[in-house]
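In what comes next, chain A is part of two complexes: it sits with chain B in the first one and with chain C in the second one.
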Partner chain A sequence: MSLLIEQALNGVQLGFMLFLLAAGLTLIFGIMGVINLAHGSLYMIGAFAMAWVANVTGSFLIAALAGLLTAGAIGMLMEYFIIRKLYTRDHLDQVLATFGLILFFNQLTVLLFGRQPLFVQIPGFLEGSILLFGDVRYPVYRIAIIAAGLLTAIGLYLLIARTRLGMLIRAGAANRDMVRALGVDIRLLYTVLFGLGAMLAGLAGVMAGPILSVQVGMGEQVLILTFVVVVIGGVGSVRGAFVGAMIVGVVDTMLRAFLPQAFRQLMAGPDADALAAGFSAMGVYMLMAFVLLVKPKGLLPAHG
Partner chain B sequence: MADLKTTVAPASAGRTYAIIAIVLALLAALPFIADAIGQPALTSLATRISILAIGAASLNLALGYCGLVSFGHAAWYGVGAYVVGIMYRHSVSGDPFLGFSIGSDQLLVTLPLAILISGLFALVLGALSLRTSGVQFIMITLAFAQMLFFFFVALKAYGGDDGLIVRRRNVLPFIDTRDGPTFYWVCLFFAVAWFALMSRIVTSRFGRVLEGIRQSERRMAAIGVSTYPYKLACFVISGMGAGLAGALMANHARFVSPDMLHWTQSGEFMIMVILGGAGTLFGAAAGAVVLIGLETQLAALTEHWQVILGPLLVLMIIFTRGGLSGLVRLLRGGRNE
Partner chain C sequence: MTLKGFVSGAAFALLSYAPAMAQQPVKIGMVTTLSGPGGYLGADMRDAFNLAIEMEGGKLGGVPVQVLVEDDALKPGQGKEIAERFMKTERVKLLTGIIFSNVAGAVVPDVLDNGGVYVSPNAGPSNFAGKECHANYFVVSWQNDTLHESAGQNATNLGFKRAVVLAPNYQAGRDAISGFKRFFKGEVLGEIYTRLDQTDFAPEMAQVRAAKPDVVFQFHPGGLGITFARQYQQAGLLETIPMVVASPSLDSVILKAIGDAALGIHISSHWNSDLPNAANKEFVAAFQKKYGRIPSYYASQGYDTARAIGAALKGTGGKVDDTKAFSDAMRKADFQSVRGDFKFGPNNHPINDWYSLRVERASDGNLAIVTKAKILENHSDFYAKDCKM
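Up next, the complex of A and B:
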């Protein structure tokens, strides 16, 4: 029972990380109409900047800040020099140009840091685990991830629903020409928004740093999972991204945790492990196929 | 662009055939030329290019002619390769598969089966993916390809992560496929056959409907064409071509691994199509030549060639639009659109 709760929490924690990525991706798509494959690269950049600064300064907080700012800054530069030229293009051009960016960022990271994964210590004040209830212990760091994700989700909601910037974002999504005609500097708005999405991706990278190995290629693994989240939730919808992220996070974690045991009842150990690993990796994609069969536009589509 | 192709006047049609004949003769003579200039490795490179050109041309049918931006083309390519790899493994070990004896190292058996099975995969996953369109379609094809990638990684019985070695190429009656130049000619034959088939398809009524769907699916629906079956048929044919390419590549490299289904491979196919000009028949071949040529050159220059290739790609997309033909126009001082 305690294992079940622990794994469910792990699923929620993965869900929050996926949400941070999916929210940025889906906002950028919903408002600017750009599909950005290099979103995963921003996640990787956040993680690497954080890992590097953490190893140099030894301070987790400075490192986290550095990760966020680096991802945000590179995101804004990317928007200013490249993405801006792609708004009027079709999705194919956007996919290929941002694919080129992935090749560049991945190889540049290999040049700078090599292929060996970097490791980051969990900061002292978040070490250890606490007793939740009964005999369920859970690592403090993972609880911190869940809390940070929750706070960011609430903050994002307030930003979009309650502030002037959020109003402009919503207006821009509904009718970008009208917003421009009313005298809003829509180019600046887009740059800011892209930077915000990049910072969300960077935040996910920063949080992943101490629990995953920081290495080249980490961006694409999570990017494709983020696509699954966005398709399940409905493209362009932040609420959909949240629901999709939680479903994918929990289902993926549960399958990985419990499928091997289930298979081991049926066959020999190593075979069962290999087969279960394959099926659990495929699980969320099958879930996506099922959602598509029932609701082709996703669970909570943005428009209708 | 594509419209010009189909309205060639009879006089210039003769010239087109003459050019095609000359290019084919040069391609056929390539192994001799390679030997003469002391670059025998060129034959192997040309084999790879002609195989990848088949894959790119089949993606071009879906992407260039029908407007289906599939980001999962490598999946069908990999499935075709695994059919060859798995059948070879069984032909060596003699083990039955689910009670059937499926082993074979006959190219005339493995190739049609690879095409068929890739087509089946494309049929099932395409039927699901085509329920969506636009950006969802891009994401879904990518995700399904990734699903198959994980499937083969987990397939420990057939090598899993490490892949499968095909110790000897599949055999053909009367033809020695182990000989490099001979295998190049075999691949060239299949490439020419595939391009001939593509040219038949895009000028047929079916091809015109695909073209119409790309330009405006809504209008095609309005004039009474039920578009879904056309798109699905197009997607399946495209998958079958990729399966053929994969099966040939498994023979050429004598190795099959999940890397062949990796999403970067799908990206490369897309780049080939766009480089050569989407929706033009020979564009896919030109794109394959340029991309593989560029990769080979850059790789000789530095190990980190992707640092150069990535920005090149970005610049090309931003400034040339129509791939190489756009670049030529740009260099001549003309403007795009």
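Up next, the complex of A and C:
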């Protein structure tokens, strides 16, 4: 039982990480109609900025702030100089250009930091693990990730549902041309929104820093799963991204954790382990295919 | 004709017994992993390969060579494409460089079918070591299983009885687990297969904790190994369940990244920077001088591969086109390896000694990997008996 709870927590924690990435990706696609493959690069930039500042200053909080701001600033610069030219182009051009950006950012990071991964300590106040209940122990840092993800989700909800910026975002997702026609400075809105999405990706990178290895190419590893989340949740919908992220996080973790045991009831140990590993790797993609079959626009599509 | 040209012309005439072909640099195609989390493995291997050439003044075995390097990005398809381009447009006969067994699986048969020679500086998958062995396929590093057989023997020597084993679900990962099990005399409680692109091991950590083994064996090369070792420590498992690994899961880069967490991990390897032979001392000093870092075992293998190729080129006077003559010269392995004595077994895979290593704090306060004892001597691999050339 305690194993089940621990694995469920692992799933939820993965879900929050994916949500931070997927929220930015889905906002940018939903409002601006841009497929941004370089979203993973912003995650990497956040992690690298955070790791570098943490090693120079020794302070986790300053480093986290630096990671967020760097990712946000680079996101806005990216929008201003490159993405802006792509709004009127078709998706193939956007994919090509943002794929080029991935190569650019990866090579730039190699030049600046080298190929060897950077290392960040977990800050002292988040170290160790605590007893939740019964005999379930869980690392404090991972609880902090869940908390930060939850706060961000609430913050995003309030921003979108309660503020003027949020109103424009919702309006933009529903009918872009009408917002433009009503005289809203759409360019500024786009830049701000892109910066916001980049900052969310940066936040995911900052939080991943101390538990994963900070290295070139870390963005692409997580990007594919992020796209799965966006597709399952419904493109353009932040609520969908949240639901999708939780489903993908929990399903992926549970399959990895418990499928081998289930298969072992049916066949010999080593065969079961190997086969289960294969099936659990496919799990979320089969889930995506199933969702697309039943609800082609995703679980909670942004508009109709 | 200038004086300089005249002199070099005269020098050429003096050496005229050497075939004219030898004056054209021999092209060596290097397909390796330079990007992504496994990128530093290929980079270390390449740097040491180039170092060996540089130490001979642009030559290997007295023959001028030119190395073409391209990044396979850990994608088998991309590796195959590069190898085909090398062979078709650059007329390269001699290829090397692959780090990961899944890339080797795609590239090596292609090279051999096209009449080329492949010399592996790292990957030694089991499927090419037995029945499928080939006269023109050499592995300078090790057969995958043997790495982990040494870890299995190490765990047996240390008296562990109940193990959980973890490795990524690809050729080298499966080789790792079968190798470990072959020499581990205790009970294997569970085999956990991870993914080659996995970044978070929390679910696996929970499974390990639930299984309550008295030892964990894991194989995670490059960035995977860093993440795994750190999360193992963060989950509080390092204090309770000792870890036994082979060198890919704890090289000098991983050591730097995980720091004190590495103290106490049981490692086994065929090479270490402190091996006392003269060739190794020369190599480690030259590598540190040129690149300012301690060579990893990937570097040692890159260096040995270059020297092995050098010995073969010397044997044929710089000719590669006659692959049979080249392979015959290669098989003699007439070079000073940084591991000490070096020879190829019947399947062109090396016969290695294996050592147990520990991470210790050196007198200058830095962590260092220190050789402790010999685990296996003149150890050949399990598949050699199936190889009929």
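Basically, the second predicted complex is superposed on the first by the 284 of 304 C-alpha atoms of A that agree within 3 Å, B and C clash if a C-alpha of one lies under 4 Å from a C-alpha of the other, contacts with A are read in each partner's own complex, and residues count from 1 in each chain.
Just so it is clear, contacts are C-beta pairs under 8 Å (C-beta built on N, C-alpha and C of every residue); 3 or more make two chains touch, one makes a residue touch a chain.
Keep in mind it's a predicted model, so treat the numbers as computed, not measured.
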Chain C versus chain B on the shared chain A, clash or fit after superposition: clash
First, second, both or neither for A:Arg142, with chain B first and chain C second: second
A:Ala274 touches, of chain B and chain C: first, second, both or neither? both
Contacts of A:Leu14 with chain B and chain C, given as first, second, both or neither: second
Touched partner set for A:Phe227, first chain B, second chain C, both or neither: first
Touched partner set for A:Pro260, first chain B, second chain C, both or neither: second
Which of chain B and chain C A:Tyr285 touches, first, second, both or neither: first
Touching partner for A:Leu111 - first (chain B), second (chain C), both, neither: first
Partner chain in contact with A:Leu182 - chain B first, chain C second, else both or neither: neither
Chain B collision site on chain C, chosen from 23-31, 95-103, 275-283 or 365-373, when both complexes are overlaid on chain A: 95-103
Interface residues of chain A shared between complexes with chain B and chain C: 106, 110, 220, 270, 274, 277-278, 281
Complex interface listing, chain C residues touching chain A: 34-37, 39-40, 43, 169, 174, 177, 190-195, 197, 199-200, 202-204, 206-207, 210, 223, 226-227, 230-231, 234-236, 253, 256-259
Chain C-touching residues of chain A, taken from the complex the two chains share: 3, 6-7, 10-11, 13-14, 106, 110, 115-117, 119, 122, 128-129, 137, 139, 141-142, 208, 211-213, 215-218, 220-222, 253, 256-257, 260, 269-270, 273-274, 276-278, 281
Chain A-facing residues of chain B, complex: 63, 69, 71, 128, 131-132, 134-136, 138-140, 142-144, 146-147, 150-151, 153-156, 160, 263, 267, 270-271, 274, 278, 304-307, 309-314, 317-318, 321
Complex interface listing, chain A residues touching chain B: 29, 35, 82, 85-86, 89, 91-93, 95-97, 99-108, 110-111, 220, 224, 227-228, 230-231, 235, 270-271, 274-275, 277-279, 281-282, 285-286, 288-289, 292-293, 296-298
